[in-house]
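The block underneath contains the structure these notes are about, expressed in structure tokens.
Order as written gives the chain letters A, B, C, D and E; numbering starts at 1 within each chain.
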Amino acid sequence: MKDMTQLTIEGLSISYGGIKALRSVSLEIKRDELVSIIGANGAGKSSLLKGISGLVRCERGKILFQGKDITNRPPHLIVKAGISQVPEGRRIFSRLTVLENLWMGAYTRSSKEEAIEDMEGVFSLFPRLKERKDQVAGTLSGGEQQMLAIGRALMGRPRLLLLDEPSMGLAPILVEHIFTTIKRIHAEGTGILLVEQNAFAALEISHRTYILQTGSIVMEGKSKEILERDDVRRAYLDIR
Amino acid sequence: QDEWGEIVIPPQKPIKIGVGTMLTGDYASMGIDIKNGAEMAILEKGTIHGHPIQLQAEDDGCAGPPSVAIAEKFCNDPLIVGVIGYMCSGGSKPASDIHNKYKVVMISPSSTAEELTKRNIPVFFRTCWNDIIQAKRAADFAIHKGFKRVAVIHDKSDYGQSLAEAFLKGIKEKGGEIVATEGITRGDKDFTPVLTKIKPLKPQLIYFGGMAAEGVLIVRQMKRAGIQADFMSDDGCFTEKDFIQAGGKAAIGSYITYAQEPSPQWVERFEKKYGPRQTFSPQAYDATVVLMSAIEKVAKKKEDGGLVIGKKALRDQVAKTEIDGVTGPIKFDPNGDRTGSVVAIYQVVEEKGKAFFKKLDF
Amino acid sequence: MDLSLLAEQIVNGLSIGGVYALIALGYTLVYGILTMINFAHGEIFMVGSFMGYWTLAFLEQKGLLWDWPQLSVIVAMSLSVITCGILGSALERFAYRPLRTAPRLAPLISAIGASIFLQNLIMVMVKGRMRVYPDIIPLTGIEVGGIFVSHFQILIIGVSLLLMVALWIFIRRTKVGIAMRAVAEDKMAASLMGIDVNRIIQVTFLVGSSLAAVAGVMVGMYYSQINHMMGFIPGIKAFTAAVVGGIGNIPGAMLGGFLLGILESLSVNILPAQYKDVVAFSILVAVLVFRPRGILGEVVGERV
Amino acid sequence: MTDRVLSIQGLTKHFGGILALNGLSFGVGREGIYSIIGPNGAGKTTLFNCISGVLRPDGGKILFQGEDITGLKGHEIVELGIARTFQNIRLFSNMTVLENVLVGMHSRLRSNFWQTISRSHYQRLEEKSALKRAYQLLDYVGLKGLEDKLATSLPYGLQRRLELARALASSPKLLLLDEPTAGMLPSESKEIAELLKRIQWEFGISILLIEHDMKVVMDVSSKIIVLDLGEKIAEGSPDEIRSDERVIQAYLGGKGKHPL
Amino acid sequence: MESEYKKRLFYGLVFLGLILLPQFVGNYWSHILGDVGLYVMLGIGLNVVVGLAGLLDLGYVAFFGVGAYSYALLASPHFHIHIPFLVLVPLCILIAMILGALLGLPVLRMRGDYLAIVTLGFGEIIRIFLNNLDPVTNGPKGLLRIDPFRIFGFTIDEPVEWYYTILLGILLSTFFYKRIMDSKIGRAWMAMREDQTAAELMGIDLLRYKLLAFSIGASFGGLGGAIFAARQGSIFPENFSLIVSINVLCILILGGMGSIRGVILGAFVLVGLPELLREFEQFRMLLFGLLLIIVTIFKPTGFFRPEKGLKIVND
């Protein structure tokens, strides 16, 4: 069963200066699983993703990806290993064009033909990007930027995609679209770790969910079951 | 008892001579050359009344603030008897005020600004000439040679500009015509724009007040800009390596004013020890010799073997100097300017494939 | 003003402008990627010039220089480019990288430190003396409409234009070039693309320093006389040129360099030469007043 | 017209070829929460930028309390009584939470240069009361006890609250809020929504709100204005908007259909 | 309150130390300390512009130079004008302030490094004018025999006396600086430094506050310049080169932007260290450069973090 798990995190701790952002967090993602993480502001969700991607130093703990230890490896090697991230706040390259942004997503790829193929895939997922492919990305609207950020991450053909609040700031109609897209990406065979404030949607589309609270995991389970829990509904979903 | 006070060298202690000169920065090579000149004199002399002589060189940065700082350092050092320095007039001017306050003798080998000896500072002397003397002589020579249309360029430094202005005055007094006066920026490399501007004015001679670094570029670029005029410059360009060698063919024929050539034996001794000499090492050597012989004359031995040197006595002794230095006979006028030394005119000539400064009869 | 004089001054301006431009390209590259003013860049140019000199002097000593002058120049140029490339990368590695997360102005200090260090290192090595390039370049040239343009002037202008175009294509079209721009904008996001940020930055320094080396050797050959302080003024001028052109912008650096060169030489015709820098700086200030981001500086839509 | 605190008349703004605002007109009444919704890129933030003086509109007029404020400078507009928050949080990051709020109060502090240097009686009183008010405001938005923290060290959600406090510090008559609940959990958004209602009520000011969270919008708005492609496509009460076919199609969407 | 008391005690002791210092170190080091002090003064001034208002100014030396030349021209045999220093020094400060505001005007729209280069150019322009306007400034020959400060028949001319004068100047500057910093003006500057657009939308008139920052910053430079001229007794255009601006900036950054203690320590390192390295002769600056890199790497945020948090007025 061991090779059924794609990502294993054991006892991960991260802190900034004196502030502890994560306290001994353990979780795992199985192959072809869509896992979501929800939690309040400052719970440490982004820190967790940053830790996985190697953007912040992990103080303690271990991260295994497909059996290989990737703890504290430099970020570019982690991407090479197959983990892409759509960071919080999009972070697209605003002075590069849409097309150039997508090329950068494919930086680690060696075959240009395959990359072009994938780009067509991204364009079919987000036709709007194709219309704007030569526009400087900084002038895109919020939603367009989010599409670009996701498209860019997909260009690396990741085995595991980390998404940090992809629906933030998007119009309702797009939120819906983004979640459908995430499902679609997952269906095409990419593992997904989704961090969301839109807890309802996250719980709806994911298989399993972890709830993070001030740096620790306080609940873990099948999303369907969690969705039914009263305490969760009250604390996170604003359903009374 | 000396009215300015006394310097007491305790037994076994060295007599120290300060050298304020540029050790880092643009003209460091010129500054180090000065230090070497002074050092050679001290090493050759060895001791005074049984006390070893010790050189203390400090970086005066060729500018006011550091020169003032080390003037304070020297003047407050009980073992420093006198100072060779400072290198640049911009440093010597404020530093001489400090020296005057403490009444410590300073002999500059290289500060040539006219004002230095016009300010009634009794402790200041120099073994170089002042700018006016040099430039006047250069102007006389230019007129004598028949140069009637002259363009003047200087580097907008105290030194270069003073020379250029005095030269210009000399030329005008003798009926020559100044077709252009231009300032350039020290450290620049490209002077073709100025030269291109001067070219249509058809000067017969271009006089440059400044240092070799810029002088040699001007002489080279004159040819490139297609100017046919002759080139004349000051002691700043009297350096084999930086002017003749750097100038190559273009430097041949240039006129340079400088002191009397130091004696060839001295040059040989110096170059054996320190390599090719620059401009002011002989003056520094002479200055040090002057200072040391004055110290030797006025120092009184105490019973315990120490020395007492009266400050005023030392100053007066320096003022009375009459010796034959490596740069010719040395005497000072009441202001501290050197008399008796005549600025000579040299021309860069090539003989048997070797270019050198040849002294002209004038 | 006489027309041919004007033309001649423009040619003069273009050749010194070419030198400024080459150095400015390096400034702009490094600035673009780290938003730091690499104060030591002028010193790298200086070291490049000395390296070229040492190579040529060595070849002359071995009696090879005069038999193969062109080849010797190419060897000198290459050695200088390699040395400066290594020097630039080393500087990045040891003086700037440790400060990557430090406040923005901290690397400025270590750059100034590096600049002082390099200046004095060379000073100690050459005992503060100037060095003189052998006269390899014959004073030949062509007459265009009554004004003389030397072959070397054409060479300087040509080389700088060529390198600029090459650099521009590199930045715009190649993967590494685009990655440089990505790193320039957002290092964290770039690393999430799988870009080795440190390597890209190192490459940037390498390229920028190599350009400075080319400029150094060309200055040595053209003006013949070099010394340890020679990096300072061109460094400042080139930085100015880069800013005026729109810092971070490659054609801008080029334009700024040439513009500065031409302004300097033309101003000499109007005012006494000592006001050259005043004129140049005043016009640059004026340019920036009207175009606060430089001539070609992109006005990035700052989204609020 | 006096019942309107803000009136937008034929506002136009373009960026190169993009027409971000296209002859937009609407009014904001005294007191009440007016929401602006619309697809991404509809021109909502651009509208705020024009009102607050960050951008100069290409055409049209903006009247604030009957006074034409089109083209005034940002600080002049604040002085008149319009404050705002930013979509991408823009706090003064190396200043403390308290200092951020005090800066927000800037336009209400009257002491001049000499009074400052000499620490006149007036200046000291003013500083004291400013400080007091700053503490109050921080308490009000729920940041009590965090006054001395650096602004950036706060978690995201709290930073949004700080932006709110900072904007309130200038005692505005009109508050422009650009997506104040972005990135919050539904429960947190709910809290902010309550806070907004309270602010509107207790301070007696008008709020113009940009928000994508329909729960919040429907909850707090007295009126909703819907933008698309820089134009107003609908205006009305939450219930009207909810059922507006055009709005559903362009913005709200329904199960299974999306515009792309 | 305990720590407040300790802090006061600490500063009291430091101050006492500073007062007694020259008695132990003699004239030369007193002179060097004076140099350090002058740089502290300049550092405080530039800190207003760079540290507080966030305007990168590489031409700060212009104000220093203008202060010095104003003093020298109006208190020397050059024009045979001898204005007493108590009148002249405030005048020098005023002139520098006006120049600061003038510089502020054209550069208001510029940000970051564009500002840096324009101010650099401005500094150079001022220096070149000082060097070239021979009829007024005496050009490169400089101005000589400048009056020292004279008060009630007492002349300040010993290094130790200058040290105390400069110390007094620093105290005044610090007092002034602190007052501005802990006020709405200081906060407005800092806000401007952090985010100009947001600052403007908080009601801060960028134009006014930038001009204010430039002229207040310049005033310290003007004061420093006047003292420098009177102390050195003669000044030359070359004393006001770009290096001075760069040095002052280094002091700020090394000391820790925005902190007075930092400025003081920075000045000791940048001005004092080269003096300590004198015995290395030619290798002095080589070592200095190397040390500068090493210090920056080990203390990237400067020796002191900026003093944070507001003091409660009158409490």
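Here, a contact is a pair of C-beta atoms (placed from the backbone, for glycine too) under 8 Å apart; a residue touches a chain by one contact, two chains touch by 3 or more.
Since we're looking at a predicted model, the values are computed, not measured.
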Task = In contact with subunit B and with subunit E at once: which chains are those? Just list them.
result = C
Key: Chains in simultaneous contact with subunit A and subunit E   = C, D
Query = In terms of CA centroid distance, which chain is the most far removed from subunit D?
reply = B
Message = A-D versus A-C: which interface comes out with more C-beta contact pairs?
response = A-D
Request  = Taking each chain's centre as the mean of its C-alpha atoms, give the chain farthest from subunit E.
outcome  = A
Task = Would you kindly tell me how far, in whole Å, the mean C-alpha position of subunit C lies from that of subunit A?
result = 43
Key: Whole-Å gap between the CA centroids of subunit B and subunit C   = 36
Averaged-CA centre spacing for the pair subunit E and subunit C, given as whole angstrom = 32
Query = Roughly how many whole angstrom separate the Cα centroids of subunit A and subunit B?
reply = 74
Note = Shared-interface residues of subunit D (touching two or more other chains) are 15, 54, 86-88, 90
Query = Which residues of subunit E are in contact with two or more other chains?
reply = 131-132, 197, 282, 285
Request  = Give me the residues of subunit A that touch two or more other chains.
outcome  = 139
Parts of subunit C lying in touch with subunit B, wherever the complex brings them together = 2, 5, 8-9, 12-13, 15-16, 120, 123, 127-130, 132, 135, 139, 148, 150, 219, 223-225, 227, 229-230, 232-234, 264-266, 268-269, 272-274, 276-277
Residue ranges of subunit D touching subunit A (in the complex, touch as defined) = 15-16, 18, 37-42, 87-88, 153-158, 179, 182-190, 212, 214-215, 250-253, 255, 258-260
Task = Please give the residue numbers of subunit D that touch subunit E in the complex, ascending.
result = 52-54, 73-75, 78-79, 83-84, 86, 90-96, 98-99, 102-104, 106-109, 111, 113, 116-117, 119, 123-124, 127-128, 130-131, 148, 150, 166, 170
Task = Quick one: which bits of subunit B touch subunit C in the complex? Just the residue numbers, please.
result = 24-32, 153, 156, 181-185, 187-190, 192-194, 196-197, 200, 212-213, 216-217, 220, 223-224, 226, 241-242, 245-246, 248-249, 275
Key: Residue ranges of subunit E in contact with subunit D within the complex   = 176, 179-180, 183-185, 187-188, 190-191, 193-195, 197-206, 212, 306, 308-310, 312-314
